[in-house]
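The structures considered in this document are given below.
Here subunit A shows up in two complexes: once beside subunit B, once beside subunit C.
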Partner chain A sequence: MRDGIYEFIEGYLSDMFASVTGDIFNSTLTESAIGLSETSDRRFVIILGLAGQYKGRIILETSSNTSDILLQRMNFGEPVLTLQEQNLFLGELGNMVGGKFITALNNSFRGLELRLTPPIVFSGENLSVITPEIESIVRYFSTDCGIVRIDIGIEGVKPWLNLENF
Partner chain B sequence: MQPLRVLVIDDSPFVYKAMKRAVEAHGHSVIGHAENGQMGLELISQLKPDIITLDVTMPIMDGLQVLQRLDHEKIDKVIMISAMGDMELLKQAKEYGVRFFLNKPFQPEDVIHAINEILTGER
Partner chain C sequence: MVEFGEFLSTALMETLSMFGLRVERNSTIVSETLSSSSDVNVVLGFTGDARGSIVIALPKKTASAISTIMIGSEEVNTMAKSAFAELSNMIAGAAISKSTGLMNLTPPSVVTGENISLMISRVKSTNMEFNLNGSPLTIAFALE
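Let's look at the complex of A and B:
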């Protein structure tokens, strides 16, 4: 086990997302230095709240093009046409990514008792989602569906927090 | 093996489709889909399924609340499903008598394995 939550998240994030993309999308994954295109006209954003001994949130973000490919893979090759169905599928994707994440944290740090709030999914042009006063760990992952941004922030969790006696 | 009748209680259309594909590929059938626990209880009573797949987190009534309202005979048919698989949740499900738990996302063979285990382990 790592020394602290921050280090744990940094070390685990890639494996966690890779296991979900591998199972659902049959897609390999690499961490990307390239972010989402600034010219992308439309984005999909999934937000899950974290509750329990710590509070925070997980944000997943993709371009509209990437989202279409992800949704089609999730829907066994068929396009997901209605916005309502798109939101339900993306919400479930968020649940699976978030579920893997907090399961790993809860099992590694006794007493955290983290829970996920139901996902919020929204889409729009030129979106910018920020959470003041929470330090985030942000990573971009390249899949063969496109690039996905993951942003995880937990209140009070900083690189220097010592949880040895938690 | 006789074809089995499976009820899916899950608010996710993705899980419903994945479950349907998995069980139908092995000759079984999905006889109903409930998007929350309350509807699930009604369908359990009406349809009398051989296997019940039950999500934990759902609107109106969650999976653990459904378990509170089921007798042991029906809980024996339950495969619990959740995106979360932490020890506390597994412990709670086990205390209700659930024997099989699948983490989302799951593979079709995981579902079939759990179904076969339920059949061979019938009390």
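Let's look at the complex of A and C:
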């Protein structure tokens, strides 16, 4: 077990995302130095809150094109046409990623007792999501569906914070 | 569910009155999903004895009116978004402290954009609509 949560998240993020979405993306995930396309494009954002001994949130973000391909994979090859259905599928993806993440965190740091809130799915143009007073770890993953952004922030969890007492 | 709505409604009115803002409650609508299409949305989740989400949805006009009072600028900039987050934290925190269950709030996230569509939950949600000096403001919540 690592000493701090921050280091744990940094080290675990890639494996966690790959293990949850490997079947859906059907390809090897690689971290990408390239971000998402222009912010004016339509985007989908999934937000999951974390509460327990610490508070935080997980944000997943994709472009509309990536989302279309991803949802078709999730829906056994059939396109997901309505916005409501798209939101439901993306919410489920958020639950899968978030569930895997907090299970690993709770198992590695006893006493955290983190719980997930229901996923919130947004779509829109020029989307901006701000969670004040939270430093977050941001990674871009390149998949054969497109690029996915993951942003994880936990209040008070910074690189220097040691949680040996957990 | 009805009780929690009343706690939220009271907390909203009390919190905004601290900034000299008066709001009137208009209507309450129960819908099948929790959704919003406003320009500015502050979302908070909670876990514990109950699990759910709260959304405070503001059209640009209302966001500018609150921003002018709180930070002295009608522009919905980063500082204004921070102020909305803090305001929402106060409202949700006050409502949760009035309820009997033990619940933990998540940090508020402020989502802005154009042509926004938001979906939180498939469970029934309560949307409470308010009027702030002629500008609309909605608080919606869903308990799972």
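Simple rule for what comes next: the second predicted complex is superposed on the first by the 164 of 166 C-alpha atoms of A that agree within 3 Å, B and C clash if a C-alpha of one lies under 4 Å from a C-alpha of the other, contacts with A are read in each partner's own complex, and residues count from 1 in each chain.
The working rule: contacts are C-beta pairs under 8 Å (C-beta built on N, C-alpha and C of every residue); 3 or more make two chains touch, one makes a residue touch a chain.
Quantities reported herein were computed from a predicted structural model and do not represent experimental measurements.
Contacts of A:116 after superposition: both subunit B and subunit C are touched. Look at A:106: by the touch rule set out above, it reaches subunit B but stays clear of subunit C.
With both structures placed on the common chain, the touch criterion links A:124 to subunit C but leaves subunit B unconnected.
By the document's definition of touching, of the two partners only subunit C reaches A:132; subunit B does not. Looking at the superposed arrangement, the partner reaching more residues of subunit A, out of subunit B and subunit C, is C.
In the superposition on chain A, A:83 makes contact with subunit C only, not with subunit B.
By the touch criterion defined above, A:73 reaches neither subunit B nor subunit C.
By the document's definition of touching, of the two partners only subunit B reaches A:98; subunit C does not.
When the shared chain is aligned, subunit C comes close enough to touch A:52, but subunit B does not.
Shared-chain residue A:20: touches subunit B; no touch with subunit C.
Looking at subunit A, you'll find residues 88, 91, 116, 118 touch subunit B in one structure and subunit C in the other.
Subunit A meets subunit B in the complex at residues 20, 23-24, 74-76, 85, 88-89, 91-93, 95-96, 98-100, 102-103, 106-107, 113, 116, 118. Per the touch definition, subunit B reaches subunit A in the complex via residues 12-15, 17-18, 21, 57, 59, 82-88, 103-107.
Residues 42, 45, 47-52, 55-57, 59, 83-84, 87-88, 91, 115-134, 153, 155 of subunit A are the ones that touch subunit C when the two sit in their complex. The touching residues of subunit C, when paired with subunit A in their complex, are 33, 41, 43-48, 51-53, 55, 78, 81-82, 85-86, 104-122, 142, 144.
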